[in-house]
Amino acid sequence: MIDPLIAEISSPEFVQLSLPPMVIGALAAMSCALPGNFLLLRRQSMLADAVSHVALPGIVAAFLLTGSMAGGTMMLGAGAAALVAAGMIEAVRRVGRLEPGAAMGVVFTAMFALGVLMLERTGASGVHLDVEHALYGNLESLIWFDATGWSSAADPRALAGLPAPLWRLAAALAAMAALTRLFWKELTISTFDPGHAQVIGVPVRALSLGLTGATAAAAVAAFDAVGSILVIAMFICPPAAARLCANTLSRQVWLSMLFAALSALVGYVLAGYGPLWLGARGSVSAAGMIAVVSGLILALACVAGPARRRAGGALGAEGR
Amino acid sequence: MSEFLRALTLNAGYNAALVAVGAALLGAAGGAAGTFVGLRRRALATDAAAHATLPGVAAAFMLMAWLGGDGRWLPGLLAGSALSAALGMWLADRMAARTRLPEDAAIGAILSTFYGLGVVLLTVIQGMNAGKAAGLSGFLLGQTAGMLRAEALTIAAAGALAGLIAFALRRPMTLVCFDPGHAAAMGVPVRAVDLAIMGLAVGVTVIGLKIVGLVLVVALLIVPPAAARFWTDRVEAMTALAALMGAAAGWIGAALSASAQDMPAGALIVLTAFGLFALSMLAAPRRGALAALAARRAVRRRMLLRQGLAALARGAAPGDAAQLRALRRAGMIGPDGAPTARGLAAAAEVARDMRRRSFLRGGYALDAGLTEFLTRDDGLTPLERMLAPDQLAALDAAMASGGEAP
Amino acid sequence: MSAACEAAAAAGPARLARDAAAGAAERAGTATMALAPAQGMSVRGLSVSYGRIPAIMDVDADFPLGAMTAIIGPNGAGKSTLLKAALGLVPRLTGEVRVLGRPLERARDLIAYVPQRASVDWEFPARVIDVALMGLYRRKGLWRLFDRNDRRRAMECLAMVGMESFARRQIGELSGGQQQRVFIARALAQDAQAYLLDEPFAGVDAATERAIVAVLRQLRDAGRAVVCVHHDLSTAPVYFDRALLLNRVVVAQGPTAETLTPRNLRLAYGGRLETAATP
């Protein structure tokens, strides 16, 4: 059992074909899970859902405006759409005094519908923009052509040939980690008690805006490689599972990183090799499988997480 | 345009007419069910249900194909999607109830995990037999073009059934949403009604898949009730209005879709509903944004005027720039800052009002039995509106005889 | 750690004790002297409206230093609204707020706020010490994390409310009274001049109520302004020096005994005192 595994991992094909998607998947998962921790505690998890949905109209609009299919343009479009959506959700919530869930539902369905309509009406769908790509991503096609084996990891020329999303997501993760560390105190205080935070001069609104921006940035950076389902899953499932296993925020955040990376690695392996083990040919969607694995980790945490229950029980309910 | 009018009047072909009627019925059922779902604060749970249909659709397809039938048989796919949607909602509900996770996180987790599973199964199907799975991608975004007559009939019939159920159960559902405790005391089976509400929501979701698609079907349940909320505070009226708006969105959207090529029905239905929502949010009387803004500005202006006039009456200069602006705009002071004749009269009026109020608050209200005034007074509403003319006259008489209150 | 650092960290409670001694001496000498409004928190012409009718209208109020003031009134009288508007948490339609003569925007260091206990999610993954540390935010500024000295300071504040042995406990495991004490400790850590508390005695046990009153008196004696939204008319004269009777407009304010007269209470509660007095 062990020997074939080692043989598989040390083969050049593994380094060429499997290693890059696994690393990219893990980086994407961790970039999204990091801000996801704070969204979870602020009861804004569904913002990730809304942001992922509006990427489609953003991409279509960017294409229609510039005629360009370049990755940068698309990401700008998706990012802009995410910010527009966040602004509209806030406006609908305040002006219309709707509950946040309903406000999100109203805004993201309208924007997604607009995206679909633009796609169909302008023939942009014929070019290359297809919905499935946006939903599933293209994790499997991110191949490291220049690799000849593990030794390539020390070869600068081969490293230069790594798929571009890998660098992008590494940068995204570094940025998320830096922001989390820099604003740790502020994020914690304003998430726990926004009213108190505002009185003592924590820039509550700026932080809230910044978190929305970081959510959009992480989603957009990950979107092209792993697709929107996986983005939503990674924003929510690893932090939720970690929440059920930890009683301090720092431990929750570290655990969510672990769960995110684990989902990506296990999910990719199951998608790529699972069917073979079952005696079937081919492989299944890696993005989908990673989402499923993250859900399974959460399910496990739900039944066995050491901090799964409400701590106060009756005490906590007394104040409500 | 004429094509749109023909579709709107059901003259654009039998299939298009069936789809329009089906979409309208579905919209009505969605609006009504969505009202109850929204009042139970479960709006986004329906999004989990919608996304959770995908593995059901795929599994049903695989099962039917494995049994040797046509994998695309619509009733079978709908049954599969309903089962997995119900399972997803149940799991989300359990997760929120049993663990410390907030409900929105539970919903998001179910949504993404089930959706991921659906995508995995779809790729399995693609591997199994390329080509036959083509019909399934229509469930993502909905598809009315090229719909089979049997499918259109199924949807119209199911939409009618959902609308009928919503109509039949409107009374118990209203009671449960308004006050679950009271409803239980009156003998309404709250748990069963709750189940019916969620069942109806799942039903609308599943029927809507083929027309609107699973990404957008949640809009049928969220948008019309949100729009209706701006017009009324009564549950019955809100339900009726939401159903009406949902029906209008379904009908108009389907007609628009039938009027030209490349017009996706789902997107148009959702955008029509959003148009109704935006209109309601801006323009509805009382709760609409414009009305609320106007009311807020009016209250502020009255407050500032009162404070400024009170200062004038004391012979002091209003210190606040906002007060000065309000006074100037109302013509109470001239450009030089000196009070006009009107301003002086109004200041005297405010001074009298303040004397009356402080006399009332000084104890007269208790002595004269005007306790209603004490509980309702906000310091701004004119006394003439709070006291009857004879009460006012008695107040003035008491003030004249007793002098100033302490 | 330098000696200066440690001195700074210990400054809070030490200063409180010193100020308390000075305050007591001063009170002994000039017990009857009224404080000028500028010495403390003052509210002028404050109005707030959520809809078409004012929630509070044209409120003038003074919360002097060295006094405990209760804000009292029936349900829906705008007590919490007054507190939140004075803190800038809800938009003011008219009026201004000053703390020690400074406008609110430049008085962030001077005010501590204890919100209603039920306003936060106690499931939040934090320990008791983490919440107490939050009160030290202003002396850290952006980016810097809390260090050992901050922890020691937070522990001292927890000790003042008798919660030091719970420091590492998960906040969700605390009883209502213990949660309230942690909130008070967080406010103490701020070492402010004005302490504004929204119903600090709601749903807490008798022992906690006594402990909180003792701490608030300590603050009062150290010359701080203490303001509480308060519900219980029977304890108000015992706990508080001053009262502000509110029912959307100010009905009366001043020393407690002169303010909470039966007649004033009936005026504020619209004659339905019987139902209002029972908490």
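As written, the chain order gives the labels A, B and C, with residue 1 at the start of each chain.
The definition used in the following text is that contacts are C-beta pairs under 8 Å (C-beta built on N, C-alpha and C of every residue); 3 or more make two chains touch, one makes a residue touch a chain.
Being a predicted model, the structure only gives us computed values, none of them experimental.
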item	value
Chain contact topology (line, ring, star, complete or other)	complete
Pair joined by more contacting C-beta pairs (B-C or A-C)	A-C
Gap in Å, rounded to a whole number, between the CA centres of subunit B and subunit A	30
Subunit B and subunit C: spacing of chain centres that average the CA atoms, whole Å	39
Euclidean distance of C-alpha centroids - subunit A vs subunit C, Å	42
Touching two or more other chains - residue numbers and ranges from subunit A	243, 307, 310-311
Subunit B, residues touching no fewer than two other chains	100, 292
Contacts with two or more other chains, residues of subunit C listed in rising order	123
In the complex with subunit C, residue positions of subunit A that touch it	41, 182-186, 188-189, 191-193, 195-202, 243, 246-249, 251-252, 307, 310-312, 315-316, 318-320
Complex contacts: residues of subunit A adjacent to subunit B	40, 43-46, 48-49, 53, 92, 95-99, 101-102, 104-106, 109-110, 112-114, 116-117, 120-121, 123, 131-132, 135-136, 229-230, 232-233, 235-237, 239-240, 243-244, 271, 275, 280-285, 287-292, 294-296, 298, 302, 305, 307-311
Subunit C residues within the subunit A interface of the complex	84, 87-89, 108, 111-115, 117-127, 130-131, 134-135, 137-138, 140, 142-146, 170-176, 179, 186, 190, 203
Complex interface listing, subunit B residues touching subunit A	38, 41, 43-44, 47, 95, 98-102, 104-120, 122-124, 127, 137, 140-141, 215-216, 218-219, 222-223, 225-226, 229-230, 262-264, 266-268, 270-271, 274, 277, 281, 287, 289, 292
Subunit C-touching residues of subunit B, taken from the complex the two chains share	100, 292, 295-296, 299-300, 303-304, 306-307, 320, 322-323, 357, 361, 363, 365-366, 371-372, 374-375, 377-381
